[in-house]
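Before any comments, here is the structure.
The first chain written gets the first letter, and so on, giving A, B, C and D; residue counts start at 1 in each chain.
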Amino acid sequence: MSFLTAEPVRLLLALVCIMAFVGLNAAYLVLAERKGAGRFQRRPGPNEAGYGGWLQPVADVAKLLSKQLIVPPGTDTILFRLAPLMVISPAMMCLAVIPFSQTLVARNINVGLLMVFSFGSINVMAIMLSGWASRNKYAIISAARVVSQNVAYEIPMLLVVITLLMVTGTMNLSEIVRQQAGWFWHWNLFKVWVNPLMPVTFVIFFICMLAETNRAPFDMAEAESELVAGAFTEYAGMGFGVFFMAEYANIVLGCSLGTVLFLGGWQSPFGLWSGVVWFLLKLYALIFTVIWVRWTFPRTQFYNLLNLSWKILIPISLFTLLLSSAMIKLF
Amino acid sequence: MIAPTDIPDRTNLQETFVLNLGPQHPAAHGVLRIKMTMDGEYVTRAEPIPGYIHRMHEKMGENRTWAQFLPNTGRVDYLSALHYNHAFVGVVERAARIEVPPRAEFIRVITSELNRISSHLVWWSAYLVDLGGFTPLLYAFDDREKILDLLEAVTGSRLTYCYFRFGGLCNDIDDVFITGTRAFVTQMRPRLKMYRDLVTDNIILRKRLEGIGPISAELCRKYGATGPVLRGAGIAYDVRKVEPYSVYSQFDFQIPVFPEGDAMARYRVRMAEMEQSLRIIEQALDKLPAGPVMGKVPRVLKLPAGDYCYAVEAARGRHMVRVVSDNKEIPYRVKLRTPSFSNLSLYQEASKGMILPDALALLGSLDLVIPDIDR
Amino acid sequence: MIPTLEQLAERFSRLVATTAVLPQSPLPVTIGSTPAVAVAPPVAAGADHTIAPTAPPPPVQTVDYSLKGYHLDASISPRQVVLAAEILDQNGFALDTITGVDWIAQNEMEVVYDFFHPLSILRVVVRTRLRRDQPELPTISPVFPGANWHERETHDFFGIRFSGHPDLTPLLLPEDADYHPLRKDFTA
Amino acid sequence: METPVDTSQIVQFATLNDLLALSRANSLWPLTFGLACCAIEMMAAGGPRFDISRFGAEVFRPSPRQADLMIVAGTINKKMAPAVKTLYDQMLEPKWVIAMGNCAISGGPFVFPGQYAVVEGVDKLFPVDVYIPGCPPRPEALIEGILTLEQKLTGKRRWPVVKPPQ
């Protein structure tokens, strides 16, 4: 079995695993979302396909795969086909550097965080391309919204992450988790003695993550009651399915990042039995919160959204950055 | 929130495009079409184009007897069918001078107010869906099903009621209905409080609605807009108080008025109206007299020649029926003055210079039922 | 702001007594009878009224609300509708509806304007009659912008033309509709 | 000249077809498309009491490209008919149509001699798979319609038919 340790094979295996992880997560998070929405709304949710509805995602994917494939007339054919690929592949790439546990990481690189953010930005471009290529007015409005929304929220997100980097002093995600070993007050979220505003930065991070993944209450891109289906209006079958998957893949990525950066990754809350289970627990708790938020709040208005970023989040995150640097300099 | 005065005047720019919203669009609540001339996300001109569900109600009125037209009234504004029933039986009773037994009038009030609550609940849920909040729809429909259970037991249908008859009602109510209605009233009050806490006081919703789509009382008057739109503009006009019909003058209830004139004011008017409707139902149940529910009606109904009007306060505003009779068994002309028609007609003026989400928030706050516009 | 019924009745009587029209009224003369008071008699006057009335009832009359559903019934010349609308506008009335009635037996079209007062119980009906083969009268949409749609609808259903109307295209009927379904001689 | 061979008799993907039919039947995404009164009952069918999400059919898609099922809920008039036809054409194969309510079936109560506005049945425009009578049909009837459509797809009935007591 020595060939398994060969680096290219290991990488290939890791990629396959990541793709399976993303695919399964996307499929079953859709089900979780639908079942969860049912719970929030006093109804059972999908429960007829298979035992308790467990085969619902299978049915959905099989149906989407077997739908007619068309490229609507007048669209930019290449971009139209390219956009779904461009939206899903960055999310998969990013997961390669996420440390699921001490050993379970596809590629432990020193600039992991940088890579996540650089690949994460491609997502925006993909949605913009899909909106542009669709030759649909709703799609193009949605694309314009996505760009301004993501530009607005990238800034506080990065400011928050820089604050965190000052605390950790490294961009290696495994190293960041390792620093948070011990009891739960060693997590970056609770390191108030380094920066008293650490919980606030986490809240800002979470809000920005919601906005970056275009989730409610910031789902400007797919504002159903305004823009029909936004940038995805003209997509059908699996093209649309891929966008659907990418939304959940991005949620998984964003929540993983939140877990790694703030919640101690694979570290257990009381210093014992650390492992991948803790990572998954924290990850799904965050994802559950994302779903919960979606089914609780109405959508914000577009200008309120931008105001929130430019007038509230950016000043606060700048202040935390300042405070952090001052505290580090002083103590 | 951007106040409307902050928006630059973009009506003279040339780089506009036309966004054809509808007739199939999630915010169109059916088949309304709005031709929006847009400059980016700013609406420079929004022209509603109704008529996609025109169903010839007025033509049908001239084709059938007075009684045969009654089921049609339940299908004009299907969400407040009983009010439309009431207007039509009211005009025929006024013209033919038919006496309605008091018990029938009280039951009319009870069922009408239940219908008003269910209509407002549908509006509320659909409006929240417009604003991107989906869960309230399910809660509101849960409550609405309880009303529908009650009404179905006495009227026989869930939605397009045809319960009122010339001179009374087709069925008397029973004790099950009375106890069920009382139970519903006690259940509904905490639910309304929950909706207030969870939804109305939500910061996102308030930021989304406050100051959006201001409609002044003068604009309402010029366009004939009524109902919650007018009351949300600070005018306490309610047909139940101003032109009291049926036995509404015997009840103690208030007309909720909010002077701001924005979408939030219209929202609050409807939420407060549900509470007032509960009050009316309680009082009517307490005062419910005994007796028959059907008065004396001639076997062959012919209305004396002339024209007659009867207005009611439907869930969406003032609904008036104007009939012209030429002393025959069939009407010469039936005109339905529907509130949604007038309320929508001011949309073009009120939506100028808004951005698309606000324009749709304004559209939803008018509470439109499209067949009510198109008839 | 709230006028009494007597004041309004008196104001309308003065209106019908004159032949005053708007000086800038663009209306071509389409009415057969020139004196305004002598326009065809109103349909609905009293309980004893029949289709072919023997004596024309007064053009302005107050009626019993409980019997009719309105308080004041004014029959005016088609050319005076804008003046009538202005009177009601100045007194704070709101437009309820505009509709038509096709009196095919008398070869006439009737246009009925309903007004309500948002602050009091006061309902006014203004009616006017036109020749059926040439139904045309001025628009009141400059006074009440809400009349725009009501007039378009009346044009849809009856083919009554409102001169000066900004956009008299079909509202409820399809864009290319050239029929007027509520005319009594309409066949599909 | 040879007649083309009907390959479907030779090459068959029986199991795959069955599985696909089963998948499609369990994932009927309707178009968000209400016309009139019946649309409210369609909404009620998605409500907590009836909940069509149990059958995976609650994913109302506003864009016809992503929908599999068009529930024609209400009257179609002649002004609307071209738009409905366009929506049907924009949906991608395989697609199904449920005519909900009497108006969609035949024009319902709005048909009378001399009517000028109503299309007398949506099947005048495009083929319909399931008809649900009623004015408006109850939400249970819509669920029954969806089950009937599923039966049409898979050949199997999901729940036994309940016979009303005589």
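A few comments on the model shown:
The rule we apply is simple: a contact is a pair of C-beta atoms (placed from the backbone, for glycine too) under 8 Å apart; a residue touches a chain by one contact, two chains touch by 3 or more.
Keep in mind the model is a prediction, meaning the values are calculated, not measured.
Ranking B-C and C-D by contacting C-beta pairs places B-C first. Chain B and chain C, compared by their mean Cα positions, are separated by 27 Å. Chain C and chain D have CA centres that are 47 Å apart. In this assembly, the C-alpha centroid of chain A lies 64 Å from the C-alpha centroid of chain C. Centroids of chain A and chain D (each the mean of its C-alpha atoms) stand 36 Å apart. Looking at chain B, one finds that residues 25-26, 51, 54, 56, 59, 138, 142 touch two or more other chains.
Looking at chain C, one finds that residues 173-174, 181 touch two or more other chains.
For chain D, residues touching at least two other chains, in rising order: 32, 47-48, 62, 79, 114-117. If you draw each protein chain as a dot and join the dots that touch, the picture is not a line, a loop, a star, or fully joined; it has some other shape. Screening every pair of chains for touch gives A-B, A-D, B-C, B-D, C-D. Across the interface of their complex, chain D is touched by residues 23-26, 29-31, 51-56, 59-60, 63-64, 71-72, 75, 78-79, 122, 137-138, 141-142, 144-145, 158-160, 370-371 of chain B.
Note for the complex: chain B touches chain A at residues 1-2, 17, 19, 25-27, 40-41, 128-135, 138-139, 142, 199, 202, 204-205, 207-208, 355-358, 360-361. In the complex of the two chains, the chain C residues touching chain D come out as 173-175, 179, 181, 186-188. Residue ranges on chain D touching chain A, taken from their complex, read 19-20, 22-27, 32, 47-48, 51, 53-56, 58-59, 61-63, 65-66, 68, 92-94, 158. Residue ranges of chain C in contact with chain B, taken from their complex: 43-47, 49-51, 66-70, 92-97, 99, 101-102, 112, 114, 116, 118-121, 123, 125, 144-146, 148-150, 153, 157, 170-174, 181-182.
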